[in-house]
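Common to both upcoming complexes is chain A, partnered first by chain B, then by chain C.
After this line comes the complex of A and B, so read on.
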């Protein structure tokens, strides 16, 4: 199976890899996993007092498509409100990265991760 | 021989997580001999095709029963539960945090002073968890009611993460030896 150029670019030069302090009240952490392939994804957002996502970081152990999906979504959510970010759909990621059908679940994982991060942030407030 | 039978029946053992692997291997070699292409050199095309088909089924059966993870997954599919290709299920967050930590340890192992030592203790942790999950699977599966089977499936999902990690640790050890 051939990866699209977008996937390869995000895989080779992943954006926003890293970790934020989970104890920070402005940080929300989403942790998700795909049991079928054993992939694990951590996605964190830092939210300003105005409710805007200022920064996002991720760490993904998984295939190229899972890494690219999480890299792309961290780029997208920066500058978004929580509601905007919560409304992102995996299909938008899959389309942008031209994911083949067998890799669609990687984009679902990224969508689940951002939702989990937003939930975690809200719980902390 | 009958490929309508499930893998357990095909290899002559009862449908359970604990199986006599040496018996299975013996039975495997025996069936392999019976299906050897030399025995079908003068057989009809149809019989030759069947022998090939049976051999493929035999190899699949053996590979499945030999691996604890594949065996557990297969036992669940016999009960109509597919943990292998399901897309999205929620996993206990504490478990995921630990998986993340274990993978970070693996990633940093290469740069540590004693990478073999790090990999070995990591591998020990993973193996202990796998054995625990296997026994949790075994007792839940044996109870057999719907709730217990869901517990068995949850154990298998965790085994899927750990089995993948275990092979990545083995690969890292192999790379260091390289």
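After this line comes the complex of A and C, so read on.
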């Protein structure tokens, strides 16, 4: 399968790889997917007192498209409000990365991951 | 060293230059281009002679009689002809067939078709080493069993089936035994004058011959009869019609002759390469060989790199041509059914890579591959949340995952 340049770029130079402190009240963590399906994404956001996402980190077990989808979304959500981030659609990720139909689920997973992280943050407040 | 490096000899092999040379002699006007079925002139006689020489070369490699060799288009067709041919000829004797869950799709899909036609098929589970024991076959035999079909060497994990023992059993019960030997012939000794196999499938392109040609061994004593699946001019004693492709057949014959000559050399080399690679990888954390290490063809090394997904690993191994048990390399999203049948978790099946070596693999290539693999696995584990969890002592099998 041929990968788009965007996928290869994110795969080779993933942005915002890392882990934040789960116990920090300003951090929301979303973990979605399952090893059995071949993808697990952990996405974390750090939210300022003003409700803006200051920082985002991810780690992903999965194919190149899954890694690229999570890397891209961490870039996008930085500086967004929670509402803006919650409104991100998987189709935007799929389009930006030129994902083929069999890889659309990777972008869906990234959307699920950011939503899960936001929910987790809100629960902590 | 030329990049990328080819580590997918189980998928196919390049044609040996000695083989290509012989094939080229059978194409043009100056060459041996005649139709082997033409009985009325020298062109036909010469082509027939070349075909019969090749038939003997194939037969010799497995100690068979040349009259027991039927040319086909490859192992897939041989499997179809053997299984459907037996089923359709002997259906009045019984309608039960035994095979295993780790067979090639050419066997599994043929069995599925026969199920649609009213046959009953038992799919045996291998043990965790990937082996099908004679005991399992014995337990599955019934009064109405007409055929047992098992592969000699598995294409994904290289494990070897004990066809000597299973052949003794099936012969004693009057059940036919078909063996797909596409992955084994020419790489390990096969002696059909002793081993009680009734039908055996061969392919040329797995052993440095051309693609598009194979053969089916059909035993004469005791006699095995088949219903033809391809009808036409009655070639191959009515078992497989179609004009014989002289250049392909000559290529297969030469490939089998060379294989016999070089078998020990090829096998020693493959073992040395396999050990060189495994010794350089086995000190890594959480790497596992899939399939028995002892009862295995040395040309295959199937390894799971835990917590790293196979397709993303392939993306990093840009210089290496290998295949993965991960779902993502195939159209379906299921990981390898062979590895699943061994009882591997989906996660480890997704993390597997098959390296297969051959006649033209070098030590330098192995060393280069090892360097790339170690680097790629380290990088991807840094990216992997599962690796973090493993390092934190989390038992991944106890986590409740959010399936999607």
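Annotations
Here is the rule we go by: the second predicted complex is superposed on the first by the 122 of 125 C-alpha atoms of A that agree within 3 Å, B and C clash if a C-alpha of one lies under 4 Å from a C-alpha of the other, contacts with A are read in each partner's own complex, and residues count from 1 in each chain.
Heads up, the rule we're going with is that a contact is a pair of C-beta atoms (placed from the backbone, for glycine too) under 8 Å apart; a residue touches a chain by one contact, two chains touch by 3 or more.
All values derive from a computational prediction rather than experimental measurement.
In the superposition on chain A, contact of A:3 is made with chain C only, not with chain B.
Legend: residue contacts after superposition of the two complexes on their common chain; A:38 is shown touching both chain B and chain C. In the superposed pair of complexes, A:59 makes contact with chain B and with chain C alike. Judged by the touch definition given at the top, the superposed model places A:17 against chain C, while chain B stays out of reach.
Counting residues of chain A touched by each partner, chain B versus chain C, the larger count belongs to C.
In the superposed pair of complexes, A:94 makes contact with neither chain B nor chain C.
With both structures placed on the common chain, the touch criterion links A:108 to chain B and to chain C. Residue overlap on chain A between the chain B contacts of one complex and the chain C contacts of the other covers 31-38, 40, 42, 59, 61, 105, 108-109, 112.
Listing the residues of chain C that touch chain A in their complex gives 307-309, 311-312, 315, 326-329, 331, 333, 335, 345-347, 350, 382-388, 396, 401-404. By the touch criterion stated above, chain A contacts chain C in their complex at residues 1, 3, 8, 11, 14, 17, 19, 31-42, 59-64, 66-67, 102, 105, 108-109, 112, 116. Interface residues of chain A, counted against chain B in their complex, comprise 31-38, 40, 42, 59, 61, 105, 108-109, 112.
Of all residues in chain B, only 83-89, 91, 93, 96-97, 99-100, 103-104, 157-158, 160-161, 163-165 touch chain A in the complex they form.
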